[in-house]
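Scroll down for the structure; my scribbles are underneath it.
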């Protein structure tokens, strides 16, 4: 089946920042994304799990599929939000069907 | 460690279609997949979150690792189901250990 | 934006083994990972869904972003744990921002 | 009429309605107040179980009169017929495509179990008895409307549009809420008063309180839906969402009077006919009519008709039932 | 015998059993009825807390007789011993490998807390008192069986097969249900009647109702398990799942009579010995014996033995206990 | 003093406190006992709804005296003022950076609703009445402290450190717990005794039982937090976590006496001033002061001050309130 190049950006970020991130994405013209729940994790700021949660609402994973040429805009927008916060951003090359969407 | 080429197919689809998709995959000989929950997302059909859910049971992400030669069969099967529905399909090149499984 | 090569390792493993896996990762010097919930799946050991769960607490997906040179250590550590258990391991090439973290 | 408004006034001051209003307001004000999905699901399982069980016990107490069959037939007939009325109204009144109109029509032929539950608690609080088997009627009315709607689509040459298979029928007829409602009804019927004695502290006393929190969540969901659907509905569509329940209630009233139901039974039949589905039917529409726009039917059913029935409809239907059966 | 069957008949008509049957039927009919995982977990926490607390209060009321220690020892002995019986039976009767047989044996030496909870509510509804410390005995019987099973495996030269470490012991001995059960027992013991007065409206009145919804979920899970495990069990294995609880019950009866427990205590000891674990032990087996097939032990424990105990076992054990201690 | 200790002793033997202790112990012993997130969230919604509703009904019964406004002003003033005290204390006593000190200070100016809820149930069990509108005061005290803390940071040249926007204010002022607490209060006020009659079986009788399970979860969370934060706090910081609530309580006492509140009202004002937020404020700090270390403020608030208030604070505050208003 005929597929098309795209980028899969995965942003793991604190839940309280999710709305700010998706707004920033929308402003950057990225209107397609999916948010996945996160159970726990570990990083420089230590380990946490959702069970240990009253005060912190934990983190979420935001996945965006975008056309390669829109990657930079996306990363700039995302970085402006993530910058001062804990979390990680990764980008992978993928193939998508239905290119018109991205 | 010795690894082997494989494809990682990620299908984000409406929950009511999950059973139909996995059946189609099985028919196409793809018996290995993992289903991840989705909290919300945004696309051409607008934005939604699981909190806003009574009527719509939301979406799920189905991840399949397959040997490269079985990719086309998988995509055809998946596309037949996804075609008329909202959702996205992406394919990434990955390495797996234990090739016999795929 | 300036990005850096990294590997994205995705390990899908039984929940009762999660702690053992993350400890093994820590021992191997991998202190960064994210754990995602899994709703269900299918493989050689048959199909299962979280609804069918009383006895088995199901599976989880552990995602690690690491610098390429640390991949082998990670895979060895992970494999030692996963080896005799059901589950899958896949590795993808990705780009990350903020390399210092990995 | 005045009488009805005062009733509506009283009704407005119940914790249930105010909880719904609170949820609606919180969602529209973009508060982050949310009820966890699992908790909402659990509360609806509780409500379905409790109401089904009580219905079964009531039937076990008063015995099965032949009316049960008649009421089931009447309800099913309503569910089959109302989508045609709704479809005609939508095509004449609004600008919706035939596909969207048919999808909406399916919702209004089917029923909203929460509206039904709220009505039963209103009746209970006013000491008005109703036939216990009305829960069975409610279950029976969920699916037929879907058939009518799909027939409307395929007839309209949109046959290609319909993705109907045995599997979908299976999903519709054995969907969780129908199975639990009917199952609890049968269990209540089988165990009767002794069974009730064992669990009434669980399904009777806390019932209205749970309903409050559940309606809070309904308000949140309806409010978020309305916010998200800004611009999806024009005033014509909204008007439909207010007029259709009255038409449905009238039809339900006629059927109920013909059946000779009790005051409570008449009120409940009106509520069932007036209410619109927002769980079973939308899921079925996503599979059978994927091109139909969910925001339209969900917003109409959940954002317009549900609040209308909750706040104005139920007290009105009850008042009418009282007037016509006890007057 | 006839007597037992009539009892079973009555027992069948309780809401609890019928809820379990409803879940079983819904799952086998492939209905999408499901209880959210979080809700099921919460209900089991509620049941564990309530039963542990009540047990502690009962002990606080009647005071601690030395029997507590004796009963604990008796229960632990049963948990150690029964896996050997089960293993022998499985190797003789069925075609299971030594590994799978050992894994199954561990489940039958351990206990099912839901079966225990259901039995207590049956006793309560029949006004039969039981030693409050039986919940402590239940907690004590969870783990020993695992030791016996792992010993059977390593002895069988399958030593390589056992992945046993301090961490796993820690997980088993401090697993959530044991901790909550024992903790609630101690809290009930410490706060006694005054403590009970504060929370009985929460842990006593709604108890049977919550148990109904929990058994509904158990039925759904058991049914889905049975559906998924078609072909995994031959008739020999199923026969084991029906015979083993009777053997366990007999052993439990002997121990209980030696201990001189009350009627209720005898019945509960039989239930504990007859029931098979489906939470603590399976998780431990996944870690310690990863090559053992989970479908086999889960289906046997949850799909065969649990329903058997629920429907036939409990009323039979109670009837026997009554006959032998009050006759 | 002795008197206070005996009270604390009695208090220790309530199921609530022991449930908290059980959770704490289980977490520290690394048991896998957990309360599902959704269930914990639902229990907190239940507690907020119940306490808000009861408060509203109480106000509807006794009528609104002008004190409500005065009490609100007093509470808001406390919330504004206490962060300055806390900040000064932290900078003088501990080695925390200005940023971390300000973040911690915000928590101590704000309030812990669970501490408040527990205090009300202690008062209820001792038959001490309190002003119903104290729940409104509690809601009003959540946010002001955040303003003070952010001002402290920006003043400290750390302006760059503050990420404050209209959106965050919106999130803080309309956060779920405030909206539900105030909303339930208004609903209780609007429906009064008749409303209460409909749902008291749900919000009154099971209240203390639900609180037990909720405190069990609080203990688990606090224990896991403490385990994870080993080494984060030195003895100075811990000392602050024990001293600050007493200072807060004293300030609350002064304000309450000036306002001339009832015995229960005085006790609750002390509790509010003494307690530290662990939900609303931490979320706000993550957004506004991302560089402040969450382990510090969460561990202090949840791991040190919350248990202190629960076990020693509440009975002491109540005893003092009784002594000073009834003596």
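Letters A, B, C, D, E and F name the chains as they come in the text, with residue numbers starting at 1 for each one.
Quick note on the criterion: contacts are C-beta pairs under 8 Å (C-beta built on N, C-alpha and C of every residue); 3 or more make two chains touch, one makes a residue touch a chain.
These figures come from a predicted structure and were not determined experimentally.
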Interface composition of copies chain B and chain C: same or different, split at half: different
Centre distance in Å when chain E and chain F are each reduced to the mean of their C-alpha atoms: 41
Averaged-CA centre spacing for the pair chain C and chain A, given as whole angstrom: 18
Distance from chain F to chain B - Cα centre to Cα centre, in angstrom: 45
Overlap residues in chain C, where contacts from two or more other chains coincide: 36-37, 47, 49, 92-93
Multi-chain contact sites of chain F, meaning residues that touch two or more partners: 34, 36-39, 42, 171, 205-206
Pairs of chains, among all present, that meet the touch criterion: A-B, A-C, A-F, B-C, B-D, C-E, D-E, D-F, E-F
Residues of chain E touching chain F in the complex: 36-39, 41-42, 45-46, 49, 53, 170-171, 174-176, 179-180, 183-184, 186-188, 190-191, 195, 198-199, 201-203, 205-206
Residue ranges of chain E touching chain C (in the complex, touch as defined): 34, 37, 40, 163, 167, 171, 218, 220-221, 224-225, 228, 278-279, 282-283, 286-287, 290-291, 293-295, 298, 301-302
Chain E partner contacts - residues on chain F that touch it in the complex: 13-15, 18-19, 22, 25-26, 29-39, 42, 125, 205-210, 212-213, 216
Residues of chain C that touch chain E when the two form their complex: 14, 16-17, 19-20, 45-57, 84-86
Residues of chain B touching chain A in the complex: 10, 12, 36-44, 47, 49, 59, 61, 72, 75-76, 79, 88-93
